[in-house]
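Paired with chain B in one complex and with chain C in the other, chain A is shared by the two complexes that follow.
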Partner chain A sequence: MSWHVHLPALMIAVPLLGAFVAPVASMLGKAARNFWLVGVSALTAILSVLLWQQVLASGTAIYVMGGEAFNLSLPSGMSLPIRIILEVDAFSAFMALVGSIAALAGAIFSTNYMEKFSGLDKFTALYFLLTTGMLGMVLTGDLFNFFVFLEIASVASFGLVAFWRDRPEAIEASFKYMVVSTIGAMMVLIAIAFLYGRYNAVNMAAVANVLRLGYAEKVALVFLIVALAMKCGTVPMHMWTPDAYTEAPAGVTCLLIAVSQASLYGLFRVCFSIYGASLGSAVVPWTIIVMGVLSMFIGVSMAVVQKEIKRLMAYHSVSQIGYMLLGLGVGLLALSDPQAMADYGFTAMKGGIYHLINYTVCKGLLFLTAGALYYAAGSRNLNDLGGLARNMPYTTFMFVIAAAAIAGLPPFNGFVSKLLIYESTFAVYPILSIMALVTSVLTLASFVKVFQTAFLGPAKARLSHVKEVPAGMLLGMSVLTIVIIGLTLFPTWSLSNLVEPAAKALVDQAGYISAVVGGGL
Partner chain B sequence: MWSNVFTGFGYWDVYSWIIFFFIASGLVLWIRSMGRSDYKKGTEQDEIFYGSNAVPEDGSEIQVPASSAYWGFVEALKGYYELLTGMHSGLTNDYVGYMVVVAAVLAVLVLL
Partner chain C sequence: MTGNLPYLVVGIIFLLGLYAVLFEKNLIKIAIGITLIEASANLLLIVLGYRAGGSIPVFTLAGKVEKMVLPVPQALTLTAIVIGLATSALMLSLIMMLYKHYGTLDVREIRRLRG
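And now, the complex of A and B:
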């Protein structure tokens, strides 16, 4: 048996091992700890590339934890899908790849960014636990297992948001996130209990195979949508994001972006792969579209008036989540109508999924540049910054690349994903495209504000000592910059190899089910 | 890898834009080269014209602060922004309250 078979499990096992060994590695000194942080993150990223290649070449990968078959056959002949499985289709593999890249960039950046602080053994362990939770969420094919990984990611992020525990704001942000996140987790658990009570199964494919929409299923759906939409920062449940993203160390914020995408993944896995055509009415798709439009507009409106750079970017994150909800919501709307799916639904889904990778790398890079400014100038308040392009030319260059890309300026990758969303949503209702376009203009305005106030203008006497950040931080930012430039220069390749397989996997509910329960339960 | 991205309604050719970018950059550099050749860096030619007033020593005195950026936009939408900032109270009770309200509204829409 080839070791490639174990790739899904290794994707989770490697960062989990990283977390438990981190305190031991830290005892060997700073260099050993940093090597462990970057080495394990790099290995996870390499594994994610291999897994993605394997899934594209061989189709959906199924991995049963602790057994040969996912089901247990009783002497009576009855078969129960009780074992935990990892089900990795092209959408899961795509998400794992995106998340691993963000985790690697954040890890490299953190080696220098965090060097002034103590407690880095705990930081490293929590960082890997957060990575494990994120990867587990996107790779699992089991609802309860999804809940467990969601909780692992949540608990690790509470610790990381409050890492600078001498700052009352950090403790407050972590506490608020913990309260709303715990309530969200309870909703997820209750929803899973509803489905388990009805079908005696928590395997996603097994549940999807037998699901018939009744009251219990509807209640479960509501709880899952609300909890996962909150976790990815959807208006009006987004209010934890500005607090948490602002107070977390910059490398962690980069990873938190990927974790929020894992929740978005969960939302769409539930809607497309578990409920799918059973959704019936257009209520759920339209709810997601409306939440998307509200997120886009309210998020960017709040971003424009912020003067704290990470807070501005956090509100901007809320706005970008709206684009993905809009694109994938339109895809969900067209799911039961093959003609609509062919006309505009699939294009909208491609736009939404392409924007997902664009958002993760661009926003991750923007948060890292904000961290670089804080590291070099000692302030995140834009009123205190100015003229730093002279002192920090590389950071400035990478900020401009990321800001232009996420604002959707041609020829950057953000423009391609937004173009797909604009044109496809126009076919549903032109007002949706208009809202998306206005949001894009305001996005550009908010980043022009950051660029003008932090990087341009006359040099300030207080900032005369500022110099470019250390090589480790530049390298972390460079990883994401290279990905952005690659996506910009090769949009057709990106769409054909990354986005389209993921979109096809998401709409193919029958394929998702048959990969596991092809022979019946 | 090198073909156009088709959106179903049109297409996108990134290389046309990159060529345009290089042409525009070339034009910018050409216009710049048409400038005065007797310019000397570090001389009085570098001095900023500040309405015949003395230029302040510290740049922070002449920079528009971030909190004043887009003042007109925010002023014109004052009512909208008052509503939005009122919603963002920072109170955990409100955070949870919005979740409960969304769950209730969605439950009504889905169950009925």
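And now, the complex of A and C:
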């Protein structure tokens, strides 16, 4: 038995160990702490690549925590699926890969960005706890375990959003986020209780295996969709997003993006793998599509008018979540109809999933460049900035790459994913793809505004002392830049190796179930 | 009817908590609302795990029994209580710091972030 079978558990164990050893490592000095922060994040990223390769090569990986089989058989012959399992299919592995890349970039960036502040041992510990929560959410195959990791990620992110606790705004943002997120998590718990009450199981595959849509299941579905949409910042539950993203330190915002994607993952895991074809009517897919379109449009129109750079980007990330909801919602709409699935549904899902990785890396990079601007120029207000392209050439270069990619300019990767979404949603209702196009134009407008005011224009005398940011921050940003350029240069490779297996795994509900309960309960 | 009474109580506690979070103006009352919602979720789990005449799932202590309850809901509830404790503690400390910064607990006056 090779050690590869333990990869799913190691993905969670390594950052968790990182979190609890972080205070000890900090006692050895600044260099040891930074080494630990970057080293453990890099190790997690390497493990996620290995896990992804393994899942692509040998199919869904099941890992039972502290046992051999996922169920417990009693001498009387009764069998209960009570063990905690991790179930990693291609979609989970893809999410873990994306998340750990964002975590690595944020960690490298934070070594320099945070060096002026005290309390960094706690920062490091919370950063790893947030990573653990995010990875646990995407790797688990157990509903209650999902709730536990959701809460680990939430509690860690409350602490990190309020990290600059001498700023009243940071505490206020953290409190707002906490109220929304705790209510969301409790709704998830109540939904899990409903499902448990019906089926005596919290194992996702075991529940999906026997699920018949009844009254209790509908209530549970409403609770889950509302709570997880709240957690990933969809309109009309988006009000915490701009505050939390703005007030968190930039490296953390990069990771918070990945954490909001983990909630999105939960939403789609519930819709596709647990409820799947038994959803029956088109109400749920259309709810998701409408939420997506509203998020796209409201998010971007709020973004265009913002003056503060991180707030602009945060509103803009609300609108990008909308693209993924739109793509995957159209996929869900076509789920029960093989012809529609082949015609446009699968394309929409590929677009949605491809946009997910594009969004995470581009938006992560944009927040890091905003952090770099704040670090170098001391302001996040667009009215105070100007002409910084001369002082900060590398940051400018990376900002341009990220902004062009997320706005969907050809030949960047964002263009590919948006094109897939446009052409597939056009087949459902042309108005959907028109909305998506308008949003894309407004996105470009908002980034032209940032680029023009912050980087171009005459040099301001007050900003003449501004220098390029230190090497650690540039390195953190370049990790994400390299990923963007890689995805841009090899769109066919990334579509067929990264995106398609993930989309197939999400559609294949029977495969998800039989990977666990294939041999019967 | 009496069999469904616990679920009715769960519903009432949940709605009370939601009302407090949505309509109260005092931060402490909002925090109380959130703990009420937590309590209703925990109560729901416990009620689901109850079986009339069932015995504790500890083999050495239960003696000779006909029915033994599945311990999963109890385990879930214990975990949920611990998580609830952590969030409540953090929430109260955040409220404390908000009071230090703003000098008030009224949500209508703590509004530096908007738009």
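Here is the rule we go by: the second predicted complex is superposed on the first by the 521 of 521 C-alpha atoms of A that agree within 3 Å, B and C clash if a C-alpha of one lies under 4 Å from a C-alpha of the other, contacts with A are read in each partner's own complex, and residues count from 1 in each chain.
Here, a contact is a pair of C-beta atoms (placed from the backbone, for glycine too) under 8 Å apart; a residue touches a chain by one contact, two chains touch by 3 or more.
This is a predicted model, so every value here is computed, not measured.
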{"item": "Which superposed partner A:Val148 touches (first chain B, second chain C, both, neither)", "value": "second"}
{"item": "Partner chain in contact with A:Ile183 - chain B first, chain C second, else both or neither", "value": "both"}
{"item": "Chain B versus chain C as contact partner of A:Val226, first or second or both or neither", "value": "first"}
{"item": "Residue contacts with chain A in the superposition, chain B compared against chain C", "value": "B"}
{"item": "First (chain B), second (chain C), both or neither touched by A:Gly119", "value": "neither"}
{"item": "First, second, both or neither for A:Tyr196, with chain B first and chain C second", "value": "second"}
{"item": "First (chain B), second (chain C), both or neither touched by A:Val304", "value": "first"}
{"item": "Contacts of A:Phe175 with chain B and chain C, given as first, second, both or neither", "value": "both"}
{"item": "Partner chain in contact with A:Pro491 - chain B first, chain C second, else both or neither", "value": "first"}
{"item": "Touching partner for A:Gly518 - first (chain B), second (chain C), both, neither", "value": "neither"}
{"item": "Common ground on chain A, meaning residues reached by chain C in one complex and by chain B in the other", "value": "175-176, 179, 183, 242-243"}
{"item": "Of all residues in chain B, those that touch chain A in their complex", "value": "1-5, 7-10, 12, 14, 17-18, 21, 57-60, 62-67, 69-70, 73-74, 80-81, 84, 87-88, 90, 92, 94-96, 98-99, 101-103, 106-107, 109-111"}
{"item": "Chain A contact footprint on chain C (complex, rising order)", "value": "14, 18, 21, 27, 30, 34, 37-38, 40-41, 44-45, 48, 70, 72-73, 76, 79-80, 83, 86-87, 90-91, 94-95, 97-98, 101-102, 110, 112-113, 115"}
{"item": "Residues of chain A defined as touching chain C within the complex", "value": "80, 82, 144, 147-148, 151, 154-155, 158-159, 162, 165, 168-169, 171-176, 178-179, 182-183, 186, 189-190, 192-193, 196-197, 200, 202, 242-243, 246-247, 306"}
{"item": "Chain B partner contacts - residues on chain A that touch it in the complex", "value": "175-176, 179-180, 183-184, 187, 215, 218-219, 221-223, 225-226, 229-230, 236-237, 239-240, 242-243, 283-284, 287, 298, 301-302, 304-305, 307, 343-344, 347, 381-383, 386-387, 410-411, 415-416, 419-420, 423-424, 426-427, 445, 449-450, 452-453, 457-462, 488-493, 495"}
